[in-house]
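Each structure below is given as structure tokens.
Look for chain A in each of the two complexes below; its partner is chain B in the first and chain C in the second.
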Partner chain A sequence: MKGARRTFFSDPVSVLALAVLAAVILFCIVYPFVSPYGYDEVNTAERQQMPSAKHPFGTDYLGRDLLVRMAYGGRLTLSVAFLTGLMAAAAGTVTGIACGYAGGLTDSLGMRVMDAISSVPGLLLAIVFDYLLGMGRGNFLFGIAIAGIPPFARIVRAAVLEIRQSSYVAASRALGAGHFHIIKEHVLHNVMPLAAVQASTSVADALTTCTILGYIGVGISPPRPEWGVLFDMGRKQLRSMPHLSLIPAAAITICIVCLYLLGNGIRDSLSARGGSHE
Partner chain B sequence: MLGYFCKRILLIIPTVMAVILLVFVLMASLMGTDTSRMIRYEDDVPGEAPRLSFLQQYGKYCFRVFVRGDFGENDSYNSPLGEDLMERTAMTLRMTGISVIATYLLGLPLGILAACRRGRWQDRLITSLTTFFSALPSFCLALGFVLLFSLRLRWVNVTLQNDADYLIPLATLAIAGAANVAKVTRAGMAEALDRPFILSLRSLGLSRRSVIFRHALKSALIPAFSVFGTVCANLICGSIVVERFFNIRGLGSCIIGAVGSRATTTLMGCMTIVALIMCVLSVAADLLFVIIDPSLRKSLTFGSTLRRRGER
Partner chain C sequence: MSDMEMLLEVKDLKVTFSTPRGTVHAVSGGSFSVRRGEVTGIVGESGSGKSVSAYAVMGLLPANGRAESGTAFFGGRDLLSLGEKELRKIRGKEISMVFQDPVTALDPLFTIGSFLTEVLLSHSPGMSKKDAAKKSVEMLAVMGIRDPESVMQRYPDSLSGGMCQRVMIAAALLCDPRLLIADEPTTALDVTIQEEILSLIQRLKDERDMSVLFITHDLGVVARLCDRVTVMYGGFVMESGSAGQIYEGAVHPYTKALLSAIPRLDDREGRPLAALEGEPIDPIDLPQGCVFAPRCPSCTEICLRERPEATDLGDGHSAACHLISKGGGTDD
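Now for the complex of A and B:
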């Protein structure tokens, strides 16, 4: 594990991705405390301004500072993405281990359920969840999280099937270890790195779905400045003030790319160590 | 095989009915106690609407949809919903159809190229591009296209006045799908090229090109087309975003509108059509699969289910 960490940090691309992501998160947390403006502070005297020293990202049609709105939006978007991504990770890992370790009926039943979930596009799932379970109560979160489970479960299951066959599990069992011990000490320990790679993908996917939902007006809606919402508000002034849309779009793209690079970096550092299960 | 596909086609209607039932149940639980008028019909007389039980309503809806093609009345104005939905569905299907073709025309060659040049700069370029574009939300891509081609270069008009202007929304739709297809094709092709029979064919003196296109390609196409259903489903989902971005009157913008204004009849109609499309697509995907992989044909009898080789 230590070797893998060293490999990860010796790769400039992964370090850069991690640094950018950390910087964005830190900015979103800190900036609203520092900024002289509130995210819903209307200032009719300074409407529709281009970026300037006073408003680095300009202002929207109500004179609200885009920079502080981006920071607040980032808090919402990124916390939704990480929360749902990690929810999917936890549920997917548990499902994958359960299916792979138990085998038999549990396995085939569980995998059929995963097939059924993945046959519905994630976006549609989130819309339906939000509409049918009541809007404005964060139900879309479950939609995003559930849509992220199947790929996770499949990858973990495949790894568990391989681990279960390994000689060290057989040895452990011969020494009298129980299922719980084997799962905790051997299966979980070996699946974790793989899950870490998939988790970054799943957070990136959750980020995509979350911003699309904000953009089409489902889930988080105005006045809360989610990045997708900000993008949609800027769309109406694309001709005169393209930065209002361009900045949220750039922020979304940067975060997604960084998450993917991070995942690639983790995977590469693990396979360089030679200990990962593909 | 014929029996198998007859069964699959016959199963479409019960599947769609099951989806309708599911949405009905969820919608009823959402509306609370008064579920007597979930669906508006044109021949409803105001004031003396018949109070139907939940199951009666469900039965009536299914009957009207499947027998008469009547989706009820539009929620916002008094006109039959069916015509409007058909127009929108035709628009969405046309766009999806064109972008599916574009997706494969773009994705397959890129995937093959990447696999044949594994480890070299072409592969690295294509792999990073596909990762990037399959992750990018489609509205970001749409924004980039509009800013570049419409506002700066002035090649196309954002308001979509003539057919050529539809190139931007179509490209937006196709690129994300093409990235996925290229990724899968690359993996399939790389795996095929590693197989021993490729080496033996090469050692028999066949040219590299003939080995790649006549022998390896066949097994690489199986995973590429096993994602056909997923690609189409994603395109239909993507059309929700793209239709909103470009103000296209399609099924996707209809769903958003219906969710926003809580128009139950419209939403129900959209859901029915989406379910129908998904079912037909799934049958079409299986048919395509059998055409590509003839070894599956023999195993398909009336009672069997198709287990795809290329699927994970």
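Now for the complex of A and C:
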């Protein structure tokens, strides 16, 4: 593990991706506290302003400061992305391990459920959940999380099938280890790196879904300035004030790209250990 | 031979695997025993059921495998009738196992130290981590590993195959088992390292009053180490007896064929090595008669029709062959 960490931090792209993500998250957490403006503070005297020293990202049609709105919206968007992405990761890991380790009927049933879930587009699943469980109460989160489970479960299951057949599991059993011990120690530890890679993808996918939902008005809705919502509002003035839509769009893109690069970096640093991880 | 000195006695073991192609009869008549303080070797080629027999005794058959019938008495208990929970207490503590490929038998993510202490702690929950580490270091030293403290900190990928096998043997012996099952423990190692590991097993057996069930396809290894030998073919026991009885007075055609296939350094005449004609039997479709009949140089009509029973030749020597039960013995 130590070697893998060194490989990760010796790759400038991975380090940059991690740094940018950390900076964005930190900014979103801190800036609303230090900003002179509230995210929903209307100021009709300063409507429709281009970026300036006073408003680095300009203001919208109600004179609200875009910078603080971006920071506040980032809190919402990123927490939804991480929360649902990691929920999917946790549920996917458990499902994958259960199916892969138990095998047989459990495996067949579990994987068919996964097939059923993945046959519905994630976006549609989120909309359906929001509609069925009551709109405007954040129920779309379950939809995003559940849509993220199948790819995760499949990848983990495949890895577990291999681990279960490994000599070290057989040796462990021969030395008296129980199934619980083997799952807790050998399976979980060996699946973890793979899960870490897939988790970054899950979070990126959740971020995409979350902003699309905001954009089409199903997920987090105005006045809360989710990034997808901000993009939708700015879009109406794309010609006159392009920064109002381009800044949220850029933030979304940057975060997704960084998450993918992070996943790649983790994967590369683990495979660089070569034979030892076979 | 009194029952007292019997440590493990397996009788009429039958193991099958259900596969999409049909039922595989991996072991159909597995009978062998290990006496206290002795090494029993099970010899056979791939698919003879030697490893499967050991896995069945340990209760470690894969999900599609089943021990259909037979008994395996160990310390008064039939291992085949025990549940997983009881077996888990026996595995590693009373019966341990060492495997063919020591490098892959160690989880790459754990240090040797954490692996060994984990084995100890799982069998003695009251033990402190410090004591477990201390005992592990001592055991590594017993294995002839120099600088055991530093080995404790290392990961398996930084150790050689021989070193890994020593670690595996250390893990197997940590809880002082009465029986060590060694499943081709030297097959994946260099010849020089093989010799070291064999000496190590021999020495440990003597020092610890332990018995060993040694599974191998290498008759040379058997000669070097074993007190008793069981020869298996196609899931059946062909012949068993003391090492001397097998090497000097083998009666079964299969055993004879195996022995004549060993290259000999003292053979100055340069005779070609005898190779056995034909192929091993299909374990899904067992022949009606003797499983070795299709390849047997002395096959007769009854061999194709009926399965031979094991014939007692006295002094613990027995063989399953019609030629012997008829009282004849076989000619080459």
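FYI, the second predicted complex is superposed on the first by the 274 of 278 C-alpha atoms of A that agree within 3 Å, B and C clash if a C-alpha of one lies under 4 Å from a C-alpha of the other, contacts with A are read in each partner's own complex, and residues count from 1 in each chain.
We take it that a contact is a pair of C-beta atoms (placed from the backbone, for glycine too) under 8 Å apart; a residue touches a chain by one contact, two chains touch by 3 or more.
Just so it is clear, the model here is predicted, and its values are computed rather than measured.
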Output check: A:Thr93 vs chain B and chain C. Expected answer is one of first, second, both, neither. What do you get?
neither
Which partner does A:Leu246 reach: the first (chain B), the second (chain C), both, or neither?
first
If you count the residues of chain A that each partner touches, which comes out higher, chain B or chain C?
B
Can A:Tyr131 be said to touch chain B (first), chain C (second), both, or neither?
first
Touching partner for A:His189 - first (chain B), second (chain C), both, neither:
second
Is A:Ala170 touching the first partner chain B, the second partner chain C, both, or neither of them?
second
Find the residues of chain A that appear in the contact set with chain B and again in the contact set with chain C.
none
Contact residues on chain C for chain A in the complex?
58, 60, 63, 88-93, 96-97, 99, 101, 104-110, 118-119, 122-123, 155-157, 168, 171-172, 175
Under the definition above, what is the set of chain A residues touching chain C in their complex?
1, 103-104, 166-168, 170-178, 181, 185-186, 189-190, 275-278
Using the touch rule from the top, collect the residues of chain B that touch chain A in their complex.
23, 26-27, 29-30, 131-132, 135-140, 143-144, 146-147, 151, 158, 229-230, 233-234, 236-237, 240-241, 244-245, 255-256, 259-260, 267, 274, 278, 282, 312
Can you name the residues of chain A that touch chain B in the complex?
118-124, 127-128, 130-134, 154, 204-205, 208, 211-212, 215-218, 228, 231, 235, 238-239, 242, 245-246, 249, 252-253, 256-257, 260, 264
